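You will see two complexes here that share subunit A, one where it goes with subunit B and one where it goes with subunit C.
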Partner chain A sequence: MLGLDTKDTRLLIIVAIMVMAAPILLNPFPADSAMAQFNAGYPDLMQRFVIFGIFAIGFNILFGLTGYLSFGHAAFLGMGSYAAVWMFKLLSYNVVPAILLSVIVAAAFSVVIGYISLRRSGIYFSILTLAFAQMSYALAYSVLTPITNGETGLQVYTNDPQILMGENSPNVPHLFGIEMRGTADLELGAWTFTFGNGYYLAALMMLLSFYISLRIFRSPFGLMLRAVKSNQNRLTFTGVSPKPYTLAAFVISGMYAGLAGGLLAAMDPLTGAERMQWTASGEVVLMTILGGAGTLIGPVLGAGLIKYLENIFSKINDGILHQWFAFMPDGLEDFMVTILHPFIGKGWHLTLGLIFMAIVIFLPGGLVEGGQRIGRLFKRRKTDDASSATTKPAE
Partner chain B sequence: MDAIILQILNGLDKGSAYALIALGLTLIFGTLGVVNFAHGALFMIGAFCAVTFSRLLQLSHEIVDETRTDFLGNPLKVDVPYLQDWFGPETGAAIIDWAVPLSILFAIPVMLLVGFVMERGLIKHFYKRPHADQILVTFGLAIVLGEIIKANYGANPIPTPAPAAFSGSLDFGVWLGFDENAIIYPYWRLIYFLFSAVIIAGVFAFLQFTTFGMVVRAGMADRETVGLLGIDIDKRFTIMFGLAAAVAGLAGAMYTPILSPNYNMGMDFLVLSFVVVVVGGMGSLPGAVLAGFLLGILQSFASMNEVKSLLPGIDQIIIYLVAIAILLTRPRGLMGRRGVMEE
Partner chain C sequence: MGILEVKGVNKRFGGLQALGDVNLSVAENTVHAIIGPNGAGKSTLLNVLVGKLIPDSGSVMFDGNSVLGRQPYEINQMGISRVFQTPEIFADLSVIENVMIPCFAKRDGAFRMHAIESVGNEKNIREQAEAMLDDVNMLDKRNMIASVMSRGDKRRLEMAMCLVQEPRLLLLDEPTAGMARADTNNTIDLLKEIKEKRDITMAIIEHDMHVVFSLADRITVLAQGTPLVEDTPEKIKGHPKVKEAYLGEAAH
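And now, the complex of A and B:
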């Protein structure tokens, strides 16, 4: 189906079902229960899951396939956001031109930056992309203030031209009248499921991105990119120049980042330069590695996991911890809270850094490799029992 | 003319910091072959060594001063540092005043220890892993170290003044025959520059003139052969890692009066120092030092008003522009050697 073999079709369908049913699947706890804080099924958070999923999928096409580690991809995300907000300011709140322009702008910049950066490889490439991203960030903060609105951040004002704005057009981002913030609630017993329009737009975009990356992974082009990763010299010896392939990969991943930036702006029509900071670039690297670089589903898992943990960990405070450990004797309870205190709330980045280090040290293949290892463990156990038993492939 | 000299001087102190960090980075890279993204964090920890030390010196207890009263008429309670009890009021106050320079004594053992623990505990396992893995794990470590500092010291910059004796400025222009107040240079920045010059000279002398340094240099050139000669090169490289950490830490400790330390300062300096290393040439120690000073001075020239009005924003991006230009025209950097990081 869709030019995919059975296995990939199955993967795509599973992902599609998961994404479409996410508002239900991610809301396993009743709304009034104490566990409701672990629910992730509200549009705001799910949008971030899929948007950063898109970002990570794109990054993975560059890093996972070619092995070029870019430390400046957030710049393209930031540019996409700025482009989208400018479309809102100039035309109207319709998200279609905004998203289109954000992808185009990101593509244009990634052609230039990629063309220059890809002249070098290894750590030099990382430093070059980092330098470009930091330059964009510094410029967005200082000289380009007329375009980026500097520290305040770019947003839409009432006196902006918005030439395509009709009489009845909604005053928030919308898709031909469907407001991005609009939601539909479904109450089932104690559960409340919220279906956001914005989430479904972003989710469809993510499925499209996922499908394209699936096709790239399975295409001769994708094979070429893997060849770049494994041995550039041999590729050159066989008379193939790796340059066009790496540049194409760079531009594609830049466009993904631009799309993610445009969607972020479409969900919330304001943006700031901090989206371009190099820590933001580091975050997408974390997501990709955490999920599993070079795998199809890994980056999406990584993005979802990081955003979910970020949300949960920053929400937990000492009071909640005291509730959890209330069953313990008082001294022990206070002790546990004191121990855990640095890791929660504002200390979330500490937890993130530790998780990330643990992943790089013990599980370089990320969550996907972890899953495969567990799968193999079961397989071995089964083969011990009955040698002819077959298990499902773990990818 | 005086404006040019002033900018060169202004660039020196920032350049010194870049040079010291870049020197450590290059040492680690040259010996262990590891790209250390946590080096900025070591600089930051050094700065917080100074903060910790000055807080330790100011540990005090409360006594009631019968001779003075507060606004309610009760006897005034004053905090008296223990140091003043032990050494008498004048000496005690002087020691507290000199906290930053004295913190060197505190920072060296702490940083050596941090370096050893880091190398033995983490970096050791990453020798054989690809450079990307090294970058990632040290990046994670940098986040963790920064967050630990943030949890203990808060997120705000902590002002740490220089000793009162150095708080003024040197009227450098008078020496050169310019008008008074034409070239003013704060004493502490001068001290910082001299200090870093001493450290740099010390590191080079150590590598050049001691047997230990000779073995290390041999190991940098050909690790396997040195190992075959029966020398435990790993142990020496670990010591070099500790040394590099100490250099970064000292750079940070002495920098505190110039820039109030906060948990994020390491990241800012790290990015720039990497650019410095790359411009100087990966693996070249003189290159790192040269590029550090060069970029520091260039940056201060770019922040002159005349330049800024001509090219707005140039002061923000000059270093990156130079790095891009250098990497594209001289891929090995200013003084890079053949065959380092070329795969």
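And now, the complex of A and C:
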């Protein structure tokens, strides 16, 4: 189906069902229960899951397939956001032109930055991309203030032209009248499920992105990208020029980043230079590696996990910790809170660092490898059972 | 006029004259062996031929066109394939993928953005690759990851990757090094068969004299970067200079 073999079709369908049902699946705890704080099924957070999922899927096409590690992809995400907000300012709050321009702008910049950075490989490539991204950040933060509105950040003002704005057009980002902020609630007993328009737009874009990445992985083009990673020397002596392949991968991943940036702005029509900072570039690297670089579904899982944990850990404060450990004697309670304090709230990056270290050391293939190991464990159990059940083991 | 004409090629590495005034003419559809002691400059010469190194002076013509100044991938597209002294394969891809890549390269050229087609649907390419693997007796290993194979198998795989491109000139840098006797003989048979079946010219570097004398139509002896003699295998066997420079030394 859709040019995919059965296995890939099944994967795509499973992902589609999960994404579509996410508002329900991610809300397992009743709204009033103490566990409700661990729910993730509200539009604001789920939007971040899928948007950063798109970012990571694209990044994986470059890093996972060709092995070129860019440390500057947040620059394209930031450019995408700026482009989208400008479309809101100049045309109207319709997200279609905004998203289109964000992808185009990111593509244009990634051609230039990619062309220059790809003159080097390995660590020098990484440093070049990092340098470009930091330059972009610095420009956005100060020099280009007329375009980016500097420190304040770019947003839409009432006196902006918005030339395509009709009488009845909504005054918030919308898709032909469907407001991104709009939600529909479903109450089922103690549970409340919220379905957001914005989430579903972003989710559909993620499914499309995932599908395209699937096709690229299975294509001759994808095979060449993996050949670049495996042995560039052999590839050149086989009559293939690696440069255009790596540049194409770079631009595709840049466009994915631009799309993610455009969607972020479509969900919330303002943006700032901090989206381009190196920490943001580093985050997508972590997402990809955490989930499993070079795997299809890994980047999405990595993005989801990081954004979920970020949400949980940065919300926890000392007060909540005191509640958790209230059952302990006072001295011990204070001690536990003091120990855990650096890992929560603003200190959540410390936790992320530890998780990342653990994954890289114990599960170098990321979450996907973890899943495969568990799968194999079950399979072995099953075959053990099967062989012990039959008297004559089949050869 | 040979299909490959090397004239007056010099290459220095610092104070070391790796190639000194090398002249070599390889006639079409022959097997030309290049022998010589370790460090004689044999691999360096191949590096010049495939565009990996640029010589300090001299000219290299392939089928009437200069190869100097061209990128390695362009030289390959002209019809020159090379098997390296240490196997250069796509170690973390499967054996069949290793062979399909050169097939795609031959079909699509240096770059083509086939991003929407599926490798699984490319029956032609797969059949071509499988036929080639069958020729080198590796069809049963097609789904193995290349890195886990023995050194001898890696060499055979690399040879298959070169042969599947149907090059006009095949350069082989010690193709049987690290192979067991039986595999060496299989390789000799394979190369003989290829030579009879196709229009192909081969330049082969080899330390194993059994391989050299089974295959070569002509032999060039290289010593300290300079061709000592060039002649037929029979003449080379008895040549006093060769015995002195090479065969005597190789008898250790």
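The rule is short, and it goes like this: the second predicted complex is superposed on the first by the 379 of 395 C-alpha atoms of A that agree within 3 Å, B and C clash if a C-alpha of one lies under 4 Å from a C-alpha of the other, contacts with A are read in each partner's own complex, and residues count from 1 in each chain.
The criterion applied here is as follows: a residue touches a chain if its C-beta (ideal position, glycine included) is under 8 Å from a C-beta of that chain, and two chains touch if they have at least 3 such contacts.
If you're wondering where the values come from, they're calculated on a predicted model, not measured in any experiment.
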Inset, instruction - Classify the contacts of A:Met180 with the two partner chains as first (subunit B alone), second (subunit C alone), both, or neither. - result: neither
Legend entry - Contacts of A:Met46 with subunit B and subunit C, given as first, second, both or neither: neither
Inset, instruction - Give one of first, second, both or neither to describe whether A:Ile216 is in contact with subunit B, with subunit C, with both, or with none. - result: second
Legend entry - Residue contacts on subunit A - larger count, subunit B or subunit C: B
Inset, instruction - Based on the superposed arrangement, let me know which partner A:Val95 touches: subunit B (first), subunit C (second), both, or neither? - result: neither
Inset, instruction - For A:Met224, select first, second, both or neither according to whether it touches subunit B, subunit C, the two together, or no partner. - result: second
Inset, instruction - Pick one for A:Ala56: touches subunit B only (first), subunit C only (second), both, or neither. - result: neither
Inset, instruction - Sort out for me which residues of subunit A touch subunit C in the complex. - result: 3-5, 215-216, 218-224, 226-227, 229-231, 233-241, 244-245, 248
Legend entry - Sites on subunit A touched by subunit B in the complex: 67, 69, 116, 119-124, 126-128, 130-132, 134-135, 138-139, 141-144, 278-279, 282, 285-286, 289, 342, 347, 349-350, 352-354, 356-357, 360-361, 364
Legend entry - Partner subunit A, residues of subunit B touching it in the complex: 35, 122, 125, 129, 131-133, 135-137, 139-144, 146-148, 150-151, 267, 271, 274-275, 278, 282, 312-313, 316-317, 320-321, 323-324, 327-328, 331, 341-343
Inset, instruction - Enumerate the contact residues on subunit C facing subunit A in the complex. - result: 50, 71-73, 76-77, 81-82, 84, 88-93, 97, 100-102, 104-106, 108-120, 122, 161, 165
